[in-house]
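Paired with chain B in one complex and with chain C in the other, chain A is shared by the two complexes that follow.
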Partner chain A sequence: MSTIHPANTIPSLQGGERQTRRFSFGLDKISLLLVTLYLIIPLAATLAFGLSNGKALDFSTYPHILADPDFTQTLVLSLELSLAATVLTILLVTPTAYWVQLRLPQVRPLMDFLALVPFAVPAIIMALGLAEVYGTPNTLISVLSFGLVPLLSNPPFNILNTAPLLVCAYVIISLPFVYRSIDNSLRAINTKVLTEAAYSLGSGWWRTFLTIILPNILPGVISAALLTFSTAMGEFTLASLFSIYTFPIYLNVTGQNDAHKAASLAILSFILTLICVLGIIFLVRLRPNRAQNEDKLDIVAAK
Partner chain B sequence: MAFLELEGISKYFGKTTAVDHITLSVEEGEFLTLLGPSGCGKTTILRMIAGFETPSSGNILLDGDDITLRPASKRPMGMVFQSYALFPHLTAAQNIAFGMSIKRQPKDVIHQRCAELLELVGLSDKGHSYPHQLSGGQQQRIALARALAVQPKVLLLDEPLSALDAKVRVSLRNEIRHIQQQLKMTAIYVTHDQEEALAISDRIAVMAKGQIEQLDHPEEIYSNPRTVFAATFVGSSNQFKGVLTSATEGLCRVDDQVFHVSPLPHMHDGERVLILVRPEEMSLQDTNEAVNAVAETDSNHISGVIELRTFLGPFTRFHVRVNETTLLTADLPNQQARDFYVAQPVVLSFTPDACQVLPLDAADLELERLAAAERV
Partner chain C sequence: MQLRAATGTADPTTTEAPAAVKTRRPGGINWSYTLTSWLGFIPFLLFCLLFELLPAAMIMEGSFVNSNTGTLTLNNYQRMLSQASNLHAFQTSISLSLVTALIGAVIGFLAAYGVYNLRTSWLRNFIIGFSSIAANFAGVPLAFAFISTLGVTGFVTVLLLHWFHIDLYNGLNFSIYTFWGLVLVYTYFQLPLMILITVPALSALKPEWKEAAFNLGASNFIYWRRVALPVLMPSLIAATMLLFANSFGAFATAYALAQGGINLVPILISFVVNGNVDIDTGLGNALAVGMIVVLIIAVSLYTAMLRRVSVWQGR
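So, the complex of A and B:
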């Protein structure tokens, strides 16, 4: 009778496993290091450039910047615009993507196409287009928009060259990231069956959306929100064409006068955006279903 | 009036007819199974009852109320899905509580009912587990508890066991049946698995091409099928196509042989028929020893050679080659099966009572092909 001796076989297996693991761990580390360097070097260079006045380190730039009223004003405006654009985009796109997934799957190719259009259209064209639509009276557009465009083109609701139109433009340019990200999340969960299960338990459309679908696509929604927020924070062309003095414009104006100050500003804006992003992530982690998210992470880690 | 009634329900998807003018009554506390191959319309019927699809024509009545156009969320139905459809971000207990919290039941009631239902499905210790921490069978138990939590008038089960492995499938189907009887719950169950349907149901509706072929008790469906499709889809059988030579005496000509069947007063001489014999109705004898038996006039006998012998646990199956095109099947208790071996010349015998005779027309032939294709 032949017997297999585990003692003879298992150590060699384990040894092989350990070797592979050590090898892949090394490769991981190298690629991680390369990516970190790729991201850190420009930031570090900008930081160094901002802190030097040509001869020695000069820390006085930062108190100067913080004392500048334009800095605070433009920064607050940009934060407000970005937040408004983020909230509006998520509120518009998430229920729409869910509705399309659930009831109008045949429209999905059209939605995919529409979501890609802002990528193809340069910001300057979009700005001119918006100015044309809201700035010049046009009967056809008035009819097609059911009178909404004329209403928004004239006082007291005029939005041409105002912050609300800029917010709307931000919503459009962020559509590709937002729609893709949310649509992918919806596809990853069994949206239709989960919805039907909720319906059969007496839940209506909105309740199903808010209590069943949204919590399950939250990671996608958050990444969409972060992308929208950062895009809007750094957007220059549209704000410039609408003559709205946002933070990137202030950055540009400053850069034309004092390159060192502009570099310091860039670092400051980076840190601020980072704080906002971390803040959102932290808020999400505080949610009651945190435990499950952590479990999910554990599973991913185990895999 | 029955508890749940479908009156002339049809459903068209474009030019395709999924459900073709079906009328069906389900009594309170009854376990009805819709059985059929994929695409026969069984799931569409269930989805129309649940409210996920609107019938193209016809009405659905529940306890006398017309619910045809009522939205799914307002129907007193509980549904169990093939893919479990548990909410991934909620624990087992929260999943069960979901429907009750929508109905704004007091928290202590919800809590108590959750505990009862978890106990009913045998998962009292899994209330705090998330769906991904449970096995397929456990998830489906939770899904069943969740559907029962809203105290539905009708429980709808859409192939709930298809995604599970064989052993769990059998134990869970018994459990579903036990719980249904315990709660006296009206249940409609969709499956393509005939064994499951026979085991679990009070009545079975055998469906093909959007229509009900036969609606009957499991025993009747198996032993007395009314249509060729029902006969070939449910259970396995040996089939002989022939012509009825004498309806009153019960004589059929199959190729060059005369078969004795039970007298068929409602059929006519010269009619084309399909004769079905279940494998367990066949008996085997060694050719040399069968001389006496063949002499008996009322039994049917066919000679052949054993081609394959398959041990299937409770019984042994023999495939017997009769000629180039005909391969017959006989199931024998293991004790009798010991005497037979591959390549042995044998005589297959079956009594006239074992023969089910069905009239055969062109449409039946097509349905028979459909059933045969499904079984492969």
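So, the complex of A and C:
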């Protein structure tokens, strides 16, 4: 949509634009320039700071970092956790979103609500709540959870402060944009008609889902996956409160001792974000339809 | 109805008896169908219950309970409201979020209008792409990026001192580790988020409206005052609320920057989870409920405004 606009407006607005050009040039172009500078300067300064040794250029920080066993360990742990969270999110949300669209349209408000809750319950509160639910026995909670909470909070499962609980929390954190992204893709294709056609040709539910629906919404699913991955890679709050030594924690610990090393690590995590977001942008481009604009709203990371 | 008949054949419970499917009347309520429909929704619902709804419910319940005796009490809220440091934390958190949301909204909107007016498409794509990256580049790395830039020995600090003889720390009393330093850091992810939200919203402005306004003799100012801003207002308020919620719940950035030195509500709550003796679970729950209340106001304004947006965007 948006790319068509300039072409439409220029010829028709020539007169009006001319007379107002000066006013709009003043404010919006200058703000845009300032914002761009504001976004670029810290990155450039961090890169320079990481490479400098106080006085001269010094490229030794990067080999230093790579040789640090903690770096490799935390990075691998973070990659594993993020991958697990991504797979779990996609496995949980995609079939459910399709199912709701097809069979239970009446629970859509509930889905919207569930996807909105993480906005009102940020990671820090969720960490507190999870610690209370799985850390202290409570009869009411046991009943409300159909006995699942006592099962998960006692041996052999005891998931409090473990990686599995962290992964589940990551799934919840990424729920708002994952659900939106997948739901938008499902709305953009004609889910009902496709499904009816597949059924009438004798295809079952799973086969329809895997071979008809999934390929059609794949760009949306993959960008949701990349967003989850990028969020989980950078998540600090929950990991720090569960005392799990992930990459952002390592970054924080390092930063207290060696600012130059921390700057280089910050650049490395920027590059990770860059790769994920470039992947999303590329996939959104692939999508031929109008959902393009709406998807750009879905980018909200864990702070 | 059509769908119900079609999907009925694939129903796991009825596949063995296709004859029953054919005799099913489309009008009546089909209980086994409804039941399987709900069964497909249960795994997701259960997951949300366990890791999303119960923790939130537990906090609300816990805020009304004395953590030692287990009796119902309002004592937690009383203690929250009677300690100056808690109230101060709320004040700091709310003003930090308001200031960064407003800076982000105003400057971000102007910049987004600049993006909207850009004729060069590669530049436009570059800025939007870069904004997506910057909006996602938050938390600990962002805090260290700003320390490397504007910290005591930061690159820009040193540059300003050597080239322009401006001493940020000793001369101008600036510090990145204070409230206004935090404002600078938060603005870094608020601005690009505002651009990302506002550029699509701006496409609701039809060029015909501008033409019509100018043909009727409106000035640029009148056009903005009477046409463009009223149309954009719901999107702008929704975006501001999203920015507010975005920074109100933020913990990692502030923590990595000041290591708990700035008195914000999320940082107070982290003391509870870490078992800090100054704050007990009951008080922590009350603080969390206070945060949730503020956030619910922001989020409901956000959704209410989004609903009004759809009128103009014809969705």
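Everything below uses one rule, namely that the second predicted complex is superposed on the first by the 229 of 303 C-alpha atoms of A that agree within 3 Å, B and C clash if a C-alpha of one lies under 4 Å from a C-alpha of the other, contacts with A are read in each partner's own complex, and residues count from 1 in each chain.
The rule is simple: a residue touches a chain if its C-beta (ideal position, glycine included) is under 8 Å from a C-beta of that chain, and two chains touch if they have at least 3 such contacts.
Computed from a predicted model, the values in this text were never measured in an experiment.
Student: After lining up the shared chain so the two structures overlap, which partner does A:201 touch, if you call chain B first and chain C second: first, second, both or neither?
Tutor: first
Student: Once the structures are superposed on A, label A:269 by its partner contacts, choosing first (chain B), second (chain C), both or neither.
Tutor: A:269 sits against chain C, while chain B stays out of touch.
Student: Does the superposition put A:141 against chain B (first), chain C (second), both, or neither?
Tutor: The answer is second: A:141 touches chain C but not chain B.
Student: Looking at A:174, would you say it contacts chain B, chain C, both, or neither? Reply first, second, both or neither.
Tutor: A:174: touches no partner chain.
Student: Taking the superposition on A as described, I'd like to know which of chain B and chain C A:212 touches: first, second, both or neither.
Tutor: The first partner, chain B, only.
Student: Quick check for you: in the superposed arrangement, does A:94 touch first (chain B), second (chain C), both or neither?
Tutor: Neither chain B nor chain C is touched by A:94.
Student: Who contacts more of chain A, chain B or chain C?
Tutor: The partner with more contacted residues on chain A is C.
Student: Regarding the shared-chain residue A:228, is it in contact with chain B (first), chain C (second), both, or neither?
Tutor: After superposing on A, A:228 lies clear of both chain B and chain C.
Student: For A:189, decide between first (touching chain B), second (touching chain C), both and neither.
Tutor: In the superposition, A:189 contacts chain B only.
Student: Can you list the residues of chain A that meet both chain B and chain C?
Tutor: In the superposed arrangement, which is not itself an observed complex, chain A uses residues 196, 199-200, 203-204, 296, 299 for both chain B and chain C.
Student: Residue numbers of chain A touching chain C in their complex, please.
Tutor: 1-3, 5-6, 8-10, 12-13, 15-16, 19-20, 23-24, 27-29, 31-36, 38-39, 41-43, 45-46, 48-50, 52, 54, 92-93, 95-96, 99-100, 102-104, 107, 114, 116-133, 138, 140-141, 144-146, 148-149, 152, 165, 168-169, 171-172, 175, 192, 195-196, 199-200, 203-205, 208, 227, 230-231, 234-237, 240-241, 248, 251-252, 255-256, 259, 262-263, 265-266, 269-270, 273-274, 276-278, 280-281, 293-294, 296-297, 299-303
Student: Tell me, which parts of chain C touch chain A in their complex?
Tutor: On the chain C side, the touching residues are 2-3, 6-7, 9-10, 12, 15, 37-38, 40-41, 43-44, 46-59, 61-62, 107-108, 110-111, 113-119, 121, 127-149, 151, 153-156, 187-189, 191-193, 195-197, 199-200, 203, 207, 210-211, 214, 220, 242, 245-253, 255-256, 259, 266, 269-270, 272-274, 281, 284-285, 288, 291-292, 295-296, 299, 302-303.
Student: Show me the residue ranges of chain B that touch chain A in the complex, using the header's touch definition.
Tutor: 50-52, 71-75, 77-79, 81, 83, 85-89, 98-99, 102-103, 130, 132-133, 143, 146-147, 149-150, 156
Student: Mind pulling up the chain A residues that touch chain B in the complex?
Tutor: Interface residues on chain A, with respect to chain B: 189-190, 193-194, 196-204, 207, 212, 215-216, 289, 292, 295-296, 299.
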